[in-house]
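Next, two complexes with subunit A in common: one pairs it with subunit B, the other with subunit C.
The block that comes next holds the complex of A and B.
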């Protein structure tokens, strides 16, 4: 069947169950440098934690690279499926609130009516100053 | 219709492998189950639990207690994270007063429901199955929860899910995986020639699908009549198909997302899981409508309540079959059922057309990029300051945030946040994020074109195959599994269309297989009407859990010793 043949052809890059990237893909292994790792960890404030996590990111990127094959000339990006409609805004009247106590209850560290945060403007230590990945 | 697959026309439109039995609106099953009947129905007229409540044949408190007892008996399924017993009983008491005074609030008054644990519930812990929100008690109800409560529904509890609704198996939450009730069904066990009383036969239990697996298991095991799930890429429809339920995803903008802890703001919708289409319509009728607290709800007038007409004939209907959904990975059984369903419509006079959605193969990739990028943004709110988990580090805000997030999120969530941040880097923004947004438009346009060619409803598979055993499912990582399992469902979220998974028949192994109907935007009522007609034709059998219930003590013993307990 025509569509099935097309699908079989497209199946190679999609990979099916056999893994979405080839481990031998040079582009994949080269993109996530230590610098990129550090940058992402700083931006996300979430750490990779292991080499497997980096490998998973590389696979995710290789998976996403398939989008390059799509011709999107002249196509506008779509932000929302409701783009043709107006959003309704509420009128600027205060109808609820005064629930400071309720909201403060959920925090671990509170002083009177303040959430307490540690001091800011202190950067995370650089990657080489941090602990290496735990081996898993 | 689909060349290469077997077509069986037996004249009466029924799919051969099904058991007999009508689909009753609930109480009939419960009462017969209680009386030890394994079989159901016969020529009795349909009754429903709402009517029984109104007529005083059963009280809300009795109903509530039966469901609570069932929840206890089926605890090994791990469907519930929190069982709100006191709340439910109090609500039942109030409902009973209303019925006594002849002032019931409607069809949902006194009906036990369950809610997925990523919907905020005032005063009841809401965890999203994550350490990040363990112990978090919201000070407000999600709009959809409030609407159910306003209709008098009884909140039985919060159900289990994949952490932050990321996953397609309901296996990756901190409270452990959810087990598919069908693993314990007579239908499945008989096929495997297993003695349901055999204590050792539990190691190969099946997944529910995800991420709303807890909600699906709760409804499938009769512990409630309806449950809320969420649907971002198929998270309601996937477990519905695996658990033999109706899983409905409304049009984006029809139901409020206020209080649904967001994953992907432009695709999330609350989903509805029930045992039949009429129930789903009743729940939708209660939930649909504009919400001043969610500016992405539309204000068009909607027909309320959602009363579904019974379709006399389908001769005016045009069903579309997207050819690109016929992929090699699709199991032969699902493909065969899909083909039979198409033939069924055709034999009843509907027009059945092959249509093309040319960008289908890129849909899952596009979804992957958009999902991770929006997740990266949405998860940024979890910093430990105002709510949720907070670590002990106090050196600096950044160090505190980083450690809190490391401790609070599992690998799956962290992986998606990092991927999303990668795609949003300045050097990658155009090539990945904006590119995916453009491809999204192409995908949405594919659907518009298909519907414009005269098609009313599309018919596709929901999943690649029936539910798989947990031990097999965990052989691949979460991202790989999601990419495989969401393949038929996520395009619908990108286009914002309504879709529903209807259980069709049992596989050769005795497990449910569902098919998906996709409708035009905001034509949810029409979609459900077609689905209701189809449901009546296929007569999907009721799950037979009777022997399990009788022998639940043996199973419970097995559970305690065999499973890794993740109790708090």
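The block that comes next holds the complex of A and C.
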């Protein structure tokens, strides 16, 4: 159940209230299930290769959980630290581009001024599957 | 949503208003309590059109379909949404790409003022509430044509919300009545376009062109108020006309400036909504209607046969006329929305809130934009009806055909003939010839001046209307002659000499005594035969009305 709360915590949009009323959890960090790890790996393409990595993740979450010690009832959340700044508006003129050669130098493979990528998305193998297959 | 993979196939013709082959929900069952001709201003929330299944079984239920559209319109601007590289349809690959578009580290987004103005104009034209403060977010997914790994969009608080789009659907026996309908607009948001992927299946690779990456898009999200392909197609066509009138987007579907995805589900009225599928790869209005109708029928058939509908993405294959599943083994996408950390909120002002002494280049005044909105299609149509006395349906046709309104107005400018005559000739004869040979107005062999001259000849009774049709046919042959020249060459002028005409009538009556007898016996219709004979004898150079008058006079004497 705790890992589910952690999961909800990860999914809630920033700037919105968390929805559950508990303040800092006295128990400290919770356990994260293998399912959550797999989901995170798929979404963010990071590799939690070892137990140590997962443990570090749990510690990081616990560290961030300290925020809950603050009572934010009735306080409007910020959107970002820039929210008081003025958003600069650029005029609609063409001032950049025409640097295909420079950009293409970054690419491992190039075909006639196109970047070359593998076909579609190659999805990560599931824990029980071994073969990757192309995403349509 | 996974990035669309599209190859632009051919240059589709603009779909003209009102004709959709097959499956039209408005032909199958006319809405009950049918509204009268020419409804203006009152939008009716018509009874939801219903579908019947192919084979009626006992206890058969009616089905209702629910269609929601997500429309992406490329903003017509010189440069991209967050960078200063050029926006152009065709250019050498990767030549219109800045370091930011290629998502090189150390680059930051800088918002293009023109794109914001375009969004505000579009929101105002669609009766939306413009949010004085809107926010930018990142939508994350991995695909080769999205170099940053995320798209900057406006998910939490878009620039415009809660609008409406009114469109007119053809109904009635001859498809000549126009019924106004409205679809609600959930929101309009600014977002970045992705690059283009070209799939090379032979070598198992994808070629990426980032010219389109970062171009500004307006995403218009419609509420699921639509119920069939025809409604969807008509609504999209109206949106196209509005965007083109505003100049905010060229909205050309064939060039990818307007893309539509449809969310479709079916259910029994009164029961909860069914599972919906998303249909993509719709690159013309005609295919949009076809795909939606196909998918609705597919879902009905599936459910009727005891199957179930999967919440999946399907692609429309226009050659086969069907939708096919784009098998998505990844499951539902999680886009991990987060606020864009590099952009403060977008703040808009109006006349009352405009800060004093502000740099005009740095502020956007909603009221000022509202004042400079150009004439919208619905207003243009009203004006045409008022000014020229034409039917509302005619105004729809004039606006729907590319270039036709301009053609019509040029003819009006140059001719003395009555507007109603011009309307009739442009919409019936001229348009008829165009359609027959599948030509666009711009490809017409007949210029507005030529038609104007022809109508003048008709108006001054120099030629008969039958002769005028002949002249028109000659003009279509593109031989470079003016109507006046054709008339004198073929000697099509109306006979002025009443005496000669009377002589002709007299001799015709003498040559056909049987007909005269029939007439005298009281069969008035037979006179048409005589008129026809006299006309032939004059080689169509006599006014049929005059012939009739002379004959009748002679017969009664």
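Structure notes:
Heads up, the rule we're going with is that the second predicted complex is superposed on the first by the 90 of 136 C-alpha atoms of A that agree within 3 Å, B and C clash if a C-alpha of one lies under 4 Å from a C-alpha of the other, contacts with A are read in each partner's own complex, and residues count from 1 in each chain.
The rule is short, and it goes like this: contacts are C-beta pairs under 8 Å (C-beta built on N, C-alpha and C of every residue); 3 or more make two chains touch, one makes a residue touch a chain.
Note that the coordinates shown come from a computational prediction; the quantities given were computed from them, not determined experimentally.
Looking at the shared chain after the overlay, A:43 reaches both subunit B and subunit C. In the superposition on chain A, A:64 contacts subunit B only, with no contact to subunit C.
When the two complexes are superposed, the chain touching more residues of subunit A, out of subunit B and subunit C, is B.
Contacts of A:113 after superposition on the shared chain: subunit C is touched, whereas subunit B is not.
Looking at the shared chain after the overlay, A:98 reaches subunit C, while subunit B stays out of its contact range. By the touch criterion defined above, A:87 lies against subunit B and subunit C together after alignment on the C-alpha atoms of chain A. Legend: residue contacts after superposition of the two complexes on their common chain; A:79 is shown touching both subunit B and subunit C.
Residues 11, 14, 39, 43-45, 79-82, 85, 87-90, 99, 103, 106, 109, 115, 117-121, 123 of subunit A lie at the contact with subunit B in one complex and at the contact with subunit C in the other. Here subunit A touches subunit C in the complex through residues 11, 13-15, 39, 42-45, 79-100, 103-104, 106, 109, 111-121, 123, 133, 135-136, going by the rule given at the top.
Touching subunit A in their complex are the following residues of subunit B: 3-4, 136-137, 139, 252-253, 266, 290, 292, 295-296, 298-299, 323-324, 326-329, 359, 361-362, 364-366, 368-369, 372, 376, 383-388, 390, 393-402, 405-406, 409, 411, 414-415, 417-419, 421-423, 425, 431-432, 434-442, 444, 476-477, 479-480, 483-484, 494-496, 521. Against subunit A, in their complex, subunit C makes its touches with residues 2, 77-79, 83-86, 92-100, 102, 104, 110-116, 135, 140, 142-144, 156, 197-201, 204-210, 326-330, 334, 336-347, 361-362, 364.
Residues 1, 3-4, 6-8, 10-11, 14, 16-17, 19-20, 36, 39-41, 43-49, 53, 56-57, 59-61, 63-64, 66-70, 72, 75-82, 85, 87-90, 99, 102-103, 105-109, 115, 117-124 of subunit A are the ones that touch subunit B when the two sit in their complex.
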